[in-house]
Amino acid sequence: MSDFRGLLETFDNQYPERDYKIEIVAPEFTSVCPKTGQPDYGTITLTYTPRGKCIELKSYKFYLQSYRNEGIFYENVTNTIIDDLVAVVQPQWMKVEAAFSARGGITETVTVQHTSMM
Amino acid sequence: MSDFRGLLETFDNQYPERDYKIEIVAPEFTSVCPKTGQPDYGTITLTYTPRGKCIELKSYKFYLQSYRNEGIFYENVTNTIIDDLVAVVQPQWMKVEAAFSARGGITETVTVQHTSMM
Amino acid sequence: MSDFRGLLETFDNQYPERDYKIEIVAPEFTSVCPKTGQPDYGTITLTYTPRGKCIELKSYKFYLQSYRNEGIFYENVTNTIIDDLVAVVQPQWMKVEAAFSARGGITETVTVQHTSMM
Amino acid sequence: MSDFRGLLETFDNQYPERDYKIEIVAPEFTSVCPKTGQPDYGTITLTYTPRGKCIELKSYKFYLQSYRNEGIFYENVTNTIIDDLVAVVQPQWMKVEAAFSARGGITETVTVQHTSMM
Amino acid sequence: MSDFRGLLETFDNQYPERDYKIEIVAPEFTSVCPKTGQPDYGTITLTYTPRGKCIELKSYKFYLQSYRNEGIFYENVTNTIIDDLVAVVQPQWMKVEAAFSARGGITETVTVQHTSMM
Amino acid sequence: MSDFRGLLETFDNQYPERDYKIEIVAPEFTSVCPKTGQPDYGTITLTYTPRGKCIELKSYKFYLQSYRNEGIFYENVTNTIIDDLVAVVQPQWMKVEAAFSARGGITETVTVQHTSMM
Amino acid sequence: MSDFRGLLETFDNQYPERDYKIEIVAPEFTSVCPKTGQPDYGTITLTYTPRGKCIELKSYKFYLQSYRNEGIFYENVTNTIIDDLVAVVQPQWMKVEAAFSARGGITETVTVQHTSMM
Amino acid sequence: MSDFRGLLETFDNQYPERDYKIEIVAPEFTSVCPKTGQPDYGTITLTYTPRGKCIELKSYKFYLQSYRNEGIFYENVTNTIIDDLVAVVQPQWMKVEAAFSARGGITETVTVQHTSMM
Amino acid sequence: MSDFRGLLETFDNQYPERDYKIEIVAPEFTSVCPKTGQPDYGTITLTYTPRGKCIELKSYKFYLQSYRNEGIFYENVTNTIIDDLVAVVQPQWMKVEAAFSARGGITETVTVQHTSMM
Amino acid sequence: MSDFRGLLETFDNQYPERDYKIEIVAPEFTSVCPKTGQPDYGTITLTYTPRGKCIELKSYKFYLQSYRNEGIFYENVTNTIIDDLVAVVQPQWMKVEAAFSARGGITETVTVQHTSMM
C-alpha cells in the first residue's frame, strides 16, 4: 500500500450489471531509481472491468504524479499501483502494465493482474 | 436510452441465414465533458453480426453527430450508444469500442459488448 | 449469384490431400453506390483452403473488375462475391473481407465466411 | 521433390530434448511465372521445431536461390519447399509461408504446415 | 552452462504469492560467428514469471556483454542463455527469444521456453 | 482540353490581395489504360495560389470521376487536368501531381506545373 | 475579423531582441459546413516569430473552440484566424496551416502567411 | 552502353513545350555480384523531364529484367542504366537512384544525374 | 541565466579547425507549469558546431534533470537553456528545439538559435 | 589517423568524369566508451562523390569492425573515420554521419564533412 492511495477517487458505475472493459493509458509516468537516484520514465496501462465503482480519471492522474520524486523499483511500483487500485475500485478483474524506457540500452515491462484471467 | 435513438434507421438484411460480421469506424465523434464543459474527441468502432436488420450508414452518422453538444461521461456515452443500437438493430451480438483522445496526457478506451462472447 | 460468375476460372490443386491456406488481397476494388450513384472504393481480401481446385488469379482479377460500374450495397457485394467463389472453387472453408474507404468520415468492413470456423 | 533438395545441409541439434522454435525469414526469393515468363518476387518465412537436426543457414540460402530461373506456380513452389525441408530436417512440426509481391494490383500468400498444429 | 553464469545476480521478489510477468528487451546483443569470425547482432527478449527471485538488471546487462567476443551459433547461444537464467532465477516459467540481423539477406529468430506453456 | 472541363465550377476568392496556398488531395482517381483496357488507379494532388477564383470542391470531385471509363495515358491525363484547371481558375500558379499505383511491379508519378516556380 | 477575437490573450515576450520560432499544433478543430450543415474536422498549425507579445495557450484553445458551431468555408476560416492572431500578437511573421479531414474522399489544406517569407 | 539498350522504346511527348517531371520506381531490380556470384537486389528510381520523347513503361520493365543474370557492380549498373536512357530518351535532365539491399549488414545507394542540376 | 549553469561541463574539441555538427536528443525532459503546478513533458534537441569546447554528455543530462521541479514557461525554459549552453560552450552556432507534449489537445514547439543561420 | 587505415581498399572509378553520389549505411557499428568501458552502438552513414577511386565495400566493413574493442569518444571516432577515408579515397567531397544509440535516455549524432558543401 502506497502513501498516495487516499488520492484515488471513484464514481458510481451506471451499468453494474454489464461486463464491460475500461482501458486507461498514462504515457508520462516518472519516478526515481532507488539505487542511483536517476529519474525513470514509463507508460502505465490500466485495464479493468468495473463492479460498483469506476476510477475517477483526474484523481488517478494526480495519484500517478505522486510517484514523481519517489525512489522505487520497477517490479514494486507496478505491484503497488494495482494493490491501491484494487482496494479502492474493487473491480471484477484488473491488469496494470508498466513499460519503462531504455536504461543502458535495455527496456523492461512489468505486467500484474488481479485475477487468474490473463 | 438517448434522445437521439429515433434517428437510427435500418434496412433488411438480405442474408439473414448467414453469420457475417460488419464493422463501422467513425473517427470524428465529439461530445462535451459534463464537469468542465470542454469538448471531448474520440473514435467509435461498432462491430456486429446482424439478424434481420442492418444499420443504415447515413442515419448512424447523423445519430453520432447528435452528441456534438451533449455533456456526457465516457463510460455512459459508450453504454448508451450500444443500448440504442441493440434496441433498433436487434443483432446476434454487438460490440462498441470508444477510444477518447488524450486529456491531461491520459487516454481512455471503453469497450461494451451485448452478449458474453468477447 | 452475380452476372459475372462465369468469368471465374480454376486450376487443379496439386496437393489436395494437404490442408493449406491461400490468401489473395485485391486493394483496387471499385463499385457504385446504388443510392447516390457515387463510386465506392475498397480492398477485397480472400482467404481459403482448397479441396480439388484453386482460383485462377487473372480470372479473379477480371471478375472483380466487372463490378466497376455496378450499383450495389457493401453488405450485398461481399455476400455475392463469396457465393460466386464457393460455387466455383468448392473450398474446405473460405472467408471474404471487404474494407471500404471512408464516406462521410466513416469506414465500413464486411466479413463473410463459408463455414463456422472464424 | 525439387531438383535442388540435395543442396540442403543440416547440423546436429544440441538440445534435442527441448521443444524450441526457429524462424528464418528470406525476403529476396525470386522465381519465374510459368505462363508469362515474367519474374515473381516474394518473402519465404520458415518456422519449425527441430528434432535431431537443424537446417544449415547458408545451404538453405543457396537452395532458395536455385529457383531464380525456374518456372513454377505460387501454390506449387510453397508445397515443394516444405516437402524438401521436411524430408531433410525431419522436424516435429514445420510451417512455410510464401508472400508474393503484387501482380496486376493483387498479392497472394500461400501457407503450408507439416502437422495439424496451425 | 556458460562461463559467464556467475555474473548473474538476483534480488528477492517482494510479491512471491502473485503470478506476474516481467519482460526485458536487450536490443544490442553481439557475438561472433564460430565459422566465419564475423560479428553477429541481435535482440534478446527475456520474459518470465518469478518465484522467489528476480533477475538484477545491471548484472544481466554485463552477462550479455560477455558474449561480445565469443564464437557461438544462434541456436546454442539462445539455449545457453535460458539455461543460465533458469538455474539462477528458478522462475515459474521463462522464455528467451533471440532475433538476429540479416546475413546474406536472411534473418533468424530462435525462441526457447522453460515450461510447456508457449 | 478534356470533354469534362464544363463540369468545373468556381467561387469568388474572398482574399484576392493575399498570396495563400490551397492543396487538395484526391486519392481515389481511376481511369483506363488505352492499350490494355485495364483500369489504372492513382492519387491526384492539386496545389495552387488563387487570384480571383477558387475551385469548388464538389464540382472538382465530379470532374475527376468523369475519367472513370476514359482510356488515357498517365502523362496525358496529368497535363489535361492542369490545362482544364488553369483555364477555369486562372491561378497565380498551380501544380498537379498524379501518382499511379504499381503496374508490373512499377509505379509512376507525373508532376506538371503552370509557372516556372517548382 | 471574427466575433471571437476578444477571447485571445497575450503575455509579454521575455526575449524580444531574439528571432525565435513558436509552433502550436491544435489537432481537434471543428466547425460546420455552411452549405450542408455537416461538421468539418481539421488540424490548425500556427507558427510565428514574436515581437513584443506571445499568444497565451489557454485563451487560444478557447478561441478555436468558438468555431465549434459556426458555419464557415475552409478558405475563409483560415484567413480569419490569421487576421485575428496578427491583430492581437503583432508578430514579425506568422503562418497558419489548416488541414481538413476527408469529405467525399478528398482532403483540403489551406496555408496563409502574414509576410512574404514562405 | 549495355547489350540491352535496344529493348528500350519511346513514345512522343504530347506536351514538349512544358517542363514537367516523370518519376518511375522499380522496386524489384536484381542482378548478380561479379565477384561472388551471389544475387543482388535493389530499387531503381528514375526521374526525368522529357523533351520530345517519353520512355515506354513496359519496354523499360523488360530492359531492367535483362540484368537478372548479369554480373555487374553497383556503381557500374547505375551509370550504365542512365547512359542507355539518356541516349534513347534525350531528356532535359535525368536522375537514376539505385538503392541496394543489405549485404553483410551494409546497404549502398548510388545516385547519378545527367545534368548538373541535382 | 539559470541556477543550474554551473552543472554544465565541457571537454576540449580535438578538431577545432573543422566545421562539424553535433546533435543531442533528450526525450525525457520534464518541468512544472508555473500557473497550474502540473508537470510538463518534452523533448529537447540541441544542435551545434563547436569551436574550442564540446559539451560533456553526462553533465548535460544532470543539467536538464535540474528542471524537474522548476515552475517555468515553455518559451522561457528554451531561451534559458540556450543562454546557459552558449555561455559555457561558446559554439560557432547553436540551436535548441523544445517540443512539449499535448496539454488540452494542443502541442507547442519552441525553437531558438544563437546566430542568424536558421 | 587510426591504426586500421591500412585495411581500407579501393577500386578504380569507371566514370571519373561524372559527378555522382555514393551512400553507404552501416547500422551495426560498435566501439567502447573510454571512460566507462561500456559498449557503444551506432549507425555510420558515409556519403561521397568519387574522383579516381571508390571505396571497396568489404574492406570498409572490416575497417569498421576494427573499432569493436577500441575505447574512443563519439566526436573523435567520427572525425577519425572521415580522415582515414579521405586519405585513401581522395573524393571530391565526403560526409560521415555517426548516430549513436541512447545512453541515459539521450542520443547523439555527429556529422563531419570534408569540404564546405553541407
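We just call them A, B, C, D, E, F, G, H, I and J in the order they show up, numbering each chain from 1.
Following the convention adopted for this analysis, a residue touches a chain if its C-beta (ideal position, glycine included) is under 8 Å from a C-beta of that chain, and two chains touch if they have at least 3 such contacts.
Keep in mind that this is a model prediction, so the values were computed, not measured.
**Student:** Along touching chains only, what is the step distance from subunit B to subunit I?
**Tutor:** 1
**Student:** Touching both subunit D and subunit E: give me those chains, sorted by label.
**Tutor:** Expected: H.
**Student:** So which chains are sitting against subunit C and subunit F at once?
**Tutor:** Intersection of subunit C and subunit F contact lists gives D, G.
**Student:** Where are there more C-beta contacts: A-I or D-F?
**Tutor:** Of A-I and D-F, it is A-I that has more C-beta pairs in contact.
**Student:** Look at interface B-I and say which pair in E-H, D-E or C-F is its repeat, using the rule that over half of the contact pairs are identical by residue number.
**Tutor:** The B-I interface is reproduced by E-H.
**Student:** What whole-number Å value describes the gap between the mean CA coordinates of subunit B and subunit C?
**Tutor:** Roughly 28 Å, centre to centre.
**Student:** From the C-alpha centre of subunit A to that of subunit G, how far is it in Å?
**Tutor:** Going by mean C-alpha positions, subunit A sits 37 Å from subunit G.
**Student:** Multi-chain contacts only, two chains or more: what residues does subunit C have there?
**Tutor:** Within subunit C, the residues that touch at least two other chains are 28, 38, 41, 101, 103-105.
**Student:** Between which chains does touch occur?
**Tutor:** The set of touching chain pairs is A-B, A-E, A-I, A-J, B-C, B-G, B-I, C-D, C-F, C-G, D-E, D-F, D-H, E-H, E-J, F-G, F-H, G-I, H-J, I-J.
**Student:** Could you pull out which subunit G residues touch subunit B in their complex?
**Tutor:** 28, 30, 38-39, 41, 65, 68-69, 101
**Student:** Under the definition above, what is the set of subunit E residues touching subunit A in their complex?
**Tutor:** Touch residues, subunit E against subunit A: 13-15, 18-28, 54, 57-58, 60-61.
**Student:** So in the complex, which bits of subunit D are touching subunit F?
**Tutor:** 38, 41, 101-105
**Student:** Of all residues in subunit I, which touch subunit G in the complex?
**Tutor:** For this pair, the touching residues of subunit I are 75-76, 78-79, 103-113, 116, 118.
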